[in-house]
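In what follows, chain A forms one complex with chain B and a second complex with chain C.
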Partner chain A sequence: MKKVLALFLSCMVLLAGCSSGGGGKEPAVSGGNSGGSDSGSKAEEITIWAWDPAFNIAALNIAKEAYSKKNPDAKINIVEFAQADIIQKLNTGLNSGTTKGLPNIVLIEDYRAQGFLQSYPDAFYDLSGTIRAEDFADYKIGPTSLDGKQYGVPFDSGVTGMYVRKDYIEQAGYTLDDLKNIDWKQYIEIGKVIKEKTGKDIITLDPNDLGIIRMMIQSGGSWYLAEDGKTPDLAGNAALKEAFELYKEMMEANVVKVNADWSQFIANINNGDVATVPTGNWITPSVKAEASQAGQWAILPIPKLPQTPNSVHATNLGGSSWYVMNIPGAETAADFLAETFGSDVEMYQNLLTNVGAIGTLKAAASGEAYSKPDDFFGGQQIVNDFAAWTAEIPKVNYGISTYAIEDILIVEMQNYLNGKSIDQVLSDAQAQAEAQVK
Partner chain B sequence: MLTMKADRTGLSIRAKSHLTGWSFILIAVVMIAVFYFYPMVQALILSFKTGTGSNLSFTGWDNYVRLLSDKTFLTALTNTFIYLIVQVPIMIILALFISVLLNDSKLKFRGFFRTAIFLPCVTSLVAYSVVFKYLFAADGLVNSLLMKLSIIHEPIQWITDPFWAKITIIIAITWRWTGYNMIFYLSALQNIDSSIYEAARIDGASSFRQFTKITVPMLKPIILFTSITSTIGTLQLFDEVMNITKGGPGNATLSISQYIYNLSFKYTADFGYAATVSYSIVVIIVLLSILQFKVAGDKK
Partner chain C sequence: MRKLKRIGTYAFLGGAAFVSIFPFLWMVVSATNKSVDVTKGRLLPGNHLLDNFTKLAESTDLWTSLWNSARISVLTTILAIVIASLAGYGFEIFRSRAKDIVFNILLLSMMIPFAALMIPLYRMFANISGTVPAIGIDTMASVMLPTITTAFLIFFFRQNSKMFPKDMVEAGRIDGLSELGIFFKIFMPTMKTTYAAAGIITFMSSWNNYLWPLIVLQSPEQKTIPLLISNLGSGYSPDYGLIMLAIVIATLPTALVFFLMQKHFVAGMMGSVK
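== the complex of A and B ==
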């Protein structure tokens, strides 16, 4: 018994030691911002959190280099976390009421941005005086601003395109022009012919991810939430209804290869199982990963909704922006963003050439790197095309509950596919969403 | 006089030993109070608040009313109970069966088999979930094996079909936890006097009769213990669902714990309601444990 007790006590001491050790580490990670004595001076150390080493972190490194040339004293720590971890850390950190351990700059996905901005008032630093919102693509301003104040520095564009396997559509008797500027209805018809002639599906979809619905409705200037970003707009949303009907039609036409996760999605593309991939431009590196398919791909404008009158051949999927946390060091952090992602046209050329990141700064939407032809896509000037489509993306308000509503819609979509009527599906979803986001 | 004096010293010795005893457990009591009870009370208070992120305000019973009409919560609850009702009995019976087999003193390589069956318990939850996800993929090992053996003609959608996804989760957790329960039974079996079995054999009792009339009754307290811990474990199911199916397809495999995670971190953070859902698990676990004690526990 004594031994057990002794063991228990020593465990306690050990645990206590661990926790204080952990606590001691935190300020070190978050840099000198906890010192606070020299706040305001430009020599402060700032910490940045982001995910994806091949994309966001690589972009940060380029920005850091550019900034260090002008401000040799600046100390910038770039820390990589998975996106889910950043969300957890931010939520728990901001709720705990202490700013210790929080970064100075953080990357937040556009779909989630309003959730953070509205849930934690005063936690983010107002950048209205630091950058000019009108310098960036219109559609990025909705998610990154609140009550007329600009909180985020818009970063990558989630502009979409339709990646097409030229060899498959030619086998089915089409040319690229036949698929240019089509609507989703024609898309399904073409899909049926391709399936018949080549045996390939036209698209691969994950039933747990309604990205295609989001692309469809944003192309018509509509979203899961009304303009105010709070009221769910599901029942009576004509664009959403049309998107649901098209989704079902696509499923029933037997032209969809179902995947269960991201790795299967990529595998379906690289194995040549599908003829087209309508998605965000960030898929480019993954498509190009299969070098043996060089020259067989082309990128066309995304199809539009056939009945929604203002639907265009441009929409968005994903994308994120930079935010400054309202903690000591905010001025330095804001300055860093203003001088790099906020204005540095030269740096954006660099980002494009080295990382393949298409930014949303309007002034940077031209230049040599933008018009460079890409041999993988048969010499097409893909960045030029994407930049042109970026300007056309309808501006919508993603609101605070995109993902909560999407989870409701995923379930209701299954009910719809199993025979429930569309109006019932959407009004049920509306009722659930209202209970969820009140 | 003499007796009184003796009494007094006796009292002070008892008081002293009480003091020593209390001071020893004081550290533990304080630690438990600070790290268990304080958060529990705070969570209870939190469960009466609503709002996103840090904009919390009291709403009284609103969260609990919302809980009862929340379709997603009810689906998660149903799923969890399906796991519970199907998986726990299968696992308990399997563990019991294996432990009796491995307790046979004539069996060769007992140590090897015991280790092999216990080994899944030391693997990381996330690591094994990822492996299972690949094993049960549409073109995974399990499907190709079944196809090669001509048991099935087209691949089973283990992950993307609502029914089969539940089966996959049940197979996974059974694989992971059977060995853990088996160890409890094995150690309990070793405490049963072999002379009882000998007597039974002399009386002509069959092996099956020995199992139902001797082994099971003697193991009753352990069976109760393992079924309670398994029930609690299943109600807290998270890692497997999160990593194998992400709760999908739709909500078909969503567990209560995963719903709590979604409310806190996947959606715009609503910690108040998430705490309410957490407390629903507490209530369910308490009720189920009382039930199990009533059904299987000793009357004394």
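== the complex of A and C ==
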């Protein structure tokens, strides 16, 4: 027994020795490093992390090209990681307390931004002096700022639209005008008729993704969390209650084609299994992937909530923004963002034509590329429409834990569909959320 | 009656075989189709294999990633089995009063999940980057070092060393071989099957390793194959044909290693059960 004890003690001493050694060394190492990279602030090398080669990375390449013209010395490394991988890497890096290996600029989804900004307050570089918040669509400022300081450069608009199969609704005896500016109640009624006449469902939904609930409540200026971004606002949230009721009504009306994941979601669209797809504008390339359906699609304003008084025909799903990390090179990184995504109107035209990215910089929300008709959608000027709807999206504070709360709601939604009362469902969800989100 | 039983057996085995083979079949078939067809659930081979391949080779650093994965996996495997077998052999053959305590502590370390080690490990490698950049973050060494010795592999070799006749060690000593000589000239050749099994296990886990390389590797030219595949699926409109082809390519080396050493693998695993 004594020997075991002795062994453990010696292990402890050894471990303690190691850790103090490491701690002693650290300042010297990081000091040396920052000293080296301080020299020549403009010629610094910056690293950017983003996901999706066809979208964000492509946009970055255009920005890099535009920036390099003005600053030929700048060296910009664009590194592609999957979104989940970026979150994992950021969390590990920031938790370990070293700035090594972190990028200068990182793309973060708006729903997750406040979580990072509030958990690691010193890790991000304040851009208040570099860009002007009022230059961007209002609704983007909530997620990208904290305590009056602007940390993010708003990027793509997650503005939604209702993608409609013209041939199906005409078969059911409707015209496009009948579906324009409707509310979700009318939407379900139309869905029933379409189902009867054509046998097609009106929408495809994944029970594990409440994107449609998020779209519905944001159109009414409401969110899972109260305006402070910290207090769960589920029980007594009228818009959320209405959205839940509509969801159940939709399910019970038998007009929903259930999908299990993203690939099935896309498949249901491409196979022509559904008559409408209310979702973010980023779905456009996936819809167009089935070229044989050209001319059969149109995009209409998203339906609104019938009973929530301030609900509008515009809302958001997804979208992300750029953040500068507070590490050596931050000034160069901020300068890069300010000169490209922060102000370059011409570059946004380029982004739209070549990448299909709809930005949120107000000054860039017009121009030739925006009014270009799209033949796939029967010559509709889809970007003009999206840009107009972007300006109307109600501003909400996504807060720190959109996805944690959504996990709770996904389970409670199933309880609700199985017969639990709505008030009970929401107050149970509220209790769980309060216990979890602190 | 016997015939009927046979039919039943074959039907059951056929069903089980189908369930295990279908995903692979689906993967290979999908690699030859374009994305839209994959999502539609097309089961027939298509003619987009070449298209997918060209796109994959053009849009990603496929060859660099394959090369990175290959050298990391091969080096890790060789180093890991040499080190772990030396340790396992030592634990079994040599006598020491402390060895069981040390061995138990070693086994206890198997209970610590990697998620708990990740952040301190990252910190360690980040700190060392300043003094010894060659083994700091974003290097091949940083991916390999934490995986070179695993408690499991040492345990595996110790269990298998129990079958190794101690008389042969004695004989070796009498004939004047050094201790290392006994290990390399007698133990290693005798335990070929164990080495094969350990080799396959290590190669596969190293080839498929995802979380640690993801954390510690930064630059695109260091990326391994699992990271490359992870990127492919991350877009708003992923190209499923392309992803499937990338997965086929990523599966081939492990499948090859497994089939080449299958006979030894089964024998080696049986040995550790005995």
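In the analysis below, the second predicted complex is superposed on the first by the 398 of 438 C-alpha atoms of A that agree within 3 Å, B and C clash if a C-alpha of one lies under 4 Å from a C-alpha of the other, contacts with A are read in each partner's own complex, and residues count from 1 in each chain.
Here is the rule we use: contacts are C-beta pairs under 8 Å (C-beta built on N, C-alpha and C of every residue); 3 or more make two chains touch, one makes a residue touch a chain.
All of these numbers come straight from a predicted model, not from anything done at the bench.
Undergrad: Between chain B and chain C, whom does A:N271 touch in the aligned arrangement: first, second, both, or neither?
TA: second
Undergrad: Going by the touch definition up top, name the partner, chain B or chain C, that contacts more of chain A.
TA: Of chain B and chain C, the partner in contact with more residues of chain A is C.
Undergrad: Quick one: is A:R112 in contact with chain B, with chain C, with both, or with neither? Answer first, second, both or neither.
TA: In the superposition, A:R112 touches chain B alone.
Undergrad: So, A:P207: does it touch chain B (first), chain C (second), both, or neither?
TA: first
Undergrad: Is A:T98 touching the first partner chain B, the second partner chain C, both, or neither of them?
TA: second
Undergrad: Determine, under the contact definition given at the top, whether A:Q88 touches first (chain B), second (chain C), both, or neither.
TA: After superposing on A, A:Q88 lies in contact with both chain B and chain C.
Undergrad: Name the contact category of A:S401: first (chain B only), second (chain C only), both, or neither.
TA: After superposing on A, A:S401 lies in contact with chain B but is clear of chain C.
Undergrad: Look at A:P121 in the shared chain and tell me whether it touches chain B only, chain C only, both, or neither; answer first, second, both or neither.
TA: first
Undergrad: Where on chain A do chain B and chain C both make contact?
TA: 84, 88, 95, 97, 264
Undergrad: Mind listing the chain B positions that touch chain A in their complex?
TA: 24, 27-28, 31, 51-55, 66, 69-72, 75, 133, 137-138, 159-160, 162, 246, 248-251, 262, 264-269, 271
Undergrad: Spell out the part of chain A that touches chain B in their complex, as residue ranges.
TA: My answer: residues 5, 8-9, 12, 84, 87-88, 91, 94-95, 97, 112, 115-116, 118-121, 123, 207-208, 258, 260-261, 264, 400-401, 403-404, 407-408, 410-411, 413-414, 432, 435-436.
Undergrad: Mind pulling up the chain A residues that touch chain C in the complex?
TA: Within the complex, chain A contacts chain C at residues 3-4, 7, 22, 25-26, 28-30, 32-33, 47, 51-55, 77, 79-85, 88-89, 92-93, 95-98, 100-101, 262-264, 266-267, 270-271, 282-283, 285-286, 289-290.
Undergrad: List the residues on chain C that touch chain A in their complex, please.
TA: Spelled out, the residues of chain C in touch with chain A are 35-36, 38-41, 59, 98, 101, 105, 118-120, 122-124, 126-127, 129-131, 136-138, 211, 214-216, 218-220, 227, 230-231, 233-238, 240.
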